[in-house]
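Consider the two complexes below, in which chain A is the common component and chain B and chain C are the respective partners.
Let's turn to the complex of A and B:
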């Protein structure tokens, strides 16, 4: 009986350790693949067809993914691998090269929300 | 039909590398380093001749403010009661330089200078001619105020026609209104009302067309547009008056 109890206790312990290890592994995974989120206020965005040039310029920055552009609010948002985080000046230059005027550049560890109400 | 009269039609035909208005030029130069192409079919129906034009326009942005480009047009000319001809018409090169850019949230005002040179590459040795048979240099100013609710575009250009032929002053104005919310990726239907004009100071003759049009955009890289130009004022000889000019075109961003 004791042997049976010991077996189950060990099994439960292993299970907990396993879950714990897995949680730790997840946490490590999140740490190693952390992105930073970038929001740029862009002036002059008045035509959706013209915004393609902006998307292309931003995607030329190494590590940039998930570019979203909000024409109504004049915002460009995307995420970029933390280890490839560019200087704000580089981001402004990309916007200028696309033919628009950059304003505030915000870099955050949490994603920005885009208003999809009218989409 | 005389070569001069037909050549004159080619002198009057303006071809643009980019919209968004259909007939008036735009001061917004897409920051795409030229990886775009625009082509359209333009059917000109006159009292004594029909012309089909198919220009291919390729712009290239040297910088965000400076664009160069070329327009390679093909034309089919069918005079009434005469033989039809098809071939390369007059090739044009152009450059645009942005002079003013005032950007705001969801709006922009831009102004640019445009210089274009047309070469008499169209064969005019045989009748009917497929070109103006003369060098032409034009210099103009293109302005636009574009918001997410509407766009106003104006264009004024003076076209110098060599070999003693009359110069012409081009004056266009366009108003565009989007019918759908301005989102990205684009899904748009835009309607335009444009007035396209041409004044010949030497002859003191004026040509003014009203040009309604519609544009459909579905996706980031493809646009379809159509419009018709109807004469309001056309001070030309009887027999060469325009019935209508119909345009159906597309713009594709290649990469």
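Let's turn to the complex of A and C:
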């Protein structure tokens, strides 16, 4: 009887782990299929007012989330829903509206890395 | 004692007093490390200090050793705060509002002019002055009346990304950050003087006025500049302890400087 209980408990455990792993995989899959990742090189970023100002203007673009500004590197990075992906020119305009000069704009299906200590 | 003798004593006394006051200097006293705080503003509240933690979207009250005593969460990108009659005035850079916090009660300052990224608020009696960063202007709310000071530009009376403001003697001191200067306005919005134009200020992010002195933080220049209210430079502090200074508060003979980078608070003392 004990052997049967042990076997049954192990089976349930394996099932739970399996479901959990599958959920995680689904979440990752959803991230890469639902969003695109944007990196903009920005000239003229210096103080926190600039950084948070740029963050504010980028958040005003529909579908934008997780905006990160790296003052030292002069970078703005965020993700945006794939079905709301803006034209590069619209992104450049948002940067200009924030008071800066946009340089290279890169759009990727995988996230960019950012060093949070730099902000 | 003759009149001439009395006059001579008074004259010598005056010279001595002036000599003492002009030789008074602010000197570094202490550095306080702030844990997990990205400070951008400071305001004194009796024996305590309020800081706005811009990255953490909160305000924190600390003692002079840096211990956190109280916090207000859920403010959006709080910038240069002010305290008036025990109320906290908080410019929310992201929400374009001025939040007034009175203990647990919160309300927004009603405004007829829309703001775009309020960077600072200064309060006296019935007057609230707001540095309206992206509109390059100061919005003054006086009772139910609203008026505007400045417009985008680089000429006298024009502003370019104002980041801080302070009332002193019914005059409004404005950190005209990216014009690299301070402008002083009367209550009608007329420019009275421009300060720091020839001092190579790189970004004037924060200021305060106390004891007839104007204190300016030069964020990019990594300096504190101290003027008299006429605009004459009295002292420049550029010590190694400074690390992107962004705001200043003065209480009596103690000056507090907020370093944005590294999250530290510096204490300076006025020495005679």
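Definition applied: the second predicted complex is superposed on the first by the 84 of 119 C-alpha atoms of A that agree within 3 Å, B and C clash if a C-alpha of one lies under 4 Å from a C-alpha of the other, contacts with A are read in each partner's own complex, and residues count from 1 in each chain.
Simple rule for what comes next: a contact is a pair of C-beta atoms (placed from the backbone, for glycine too) under 8 Å apart; a residue touches a chain by one contact, two chains touch by 3 or more.
These numbers were taken from a predicted model, which means no experiment stands behind them.
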Combined model on chain A where chain B meets chain C, clash or fit:
clash
Looking at the overlay, does A:99 come into contact with chain B only (first), chain C only (second), both, or neither?
both
Could you say whether A:84 touches chain B, chain C, both of them, or neither, answering first, second, both or neither?
neither
Regarding the shared-chain residue A:69, is it in contact with chain B (first), chain C (second), both, or neither?
first
Return first, second, both or neither, reflecting whether A:45 touches chain B, chain C, both chains, or no partner chain.
first
Touched partner set for A:53, first chain B, second chain C, both or neither:
both
Partner contacting more residues of chain A (chain B vs chain C)
B
Could you give the residue numbers on chain A that contact chain B in one complex and chain C in the other?
46-49, 52-53, 55-56, 99, 119
Report the residues of chain A in contact with chain B in the complex, numbered from low to high.
41, 43-57, 68-74, 96-101, 118-119
Could you list, by residue number, the parts of chain A that touch chain C in their complex?
46-49, 52-53, 55-56, 59, 99, 119
Using the touch rule from the top, collect the residues of chain C that touch chain A in their complex.
38, 40, 54-55, 77, 79, 93-94, 117, 119, 133-134, 161, 163, 177, 203, 205, 219-220, 246, 260
Could you pull out which chain B residues touch chain A in their complex?
20, 28-32, 64-65, 101, 103-108, 146-148, 151, 181-186, 188, 217, 220-221, 223, 253
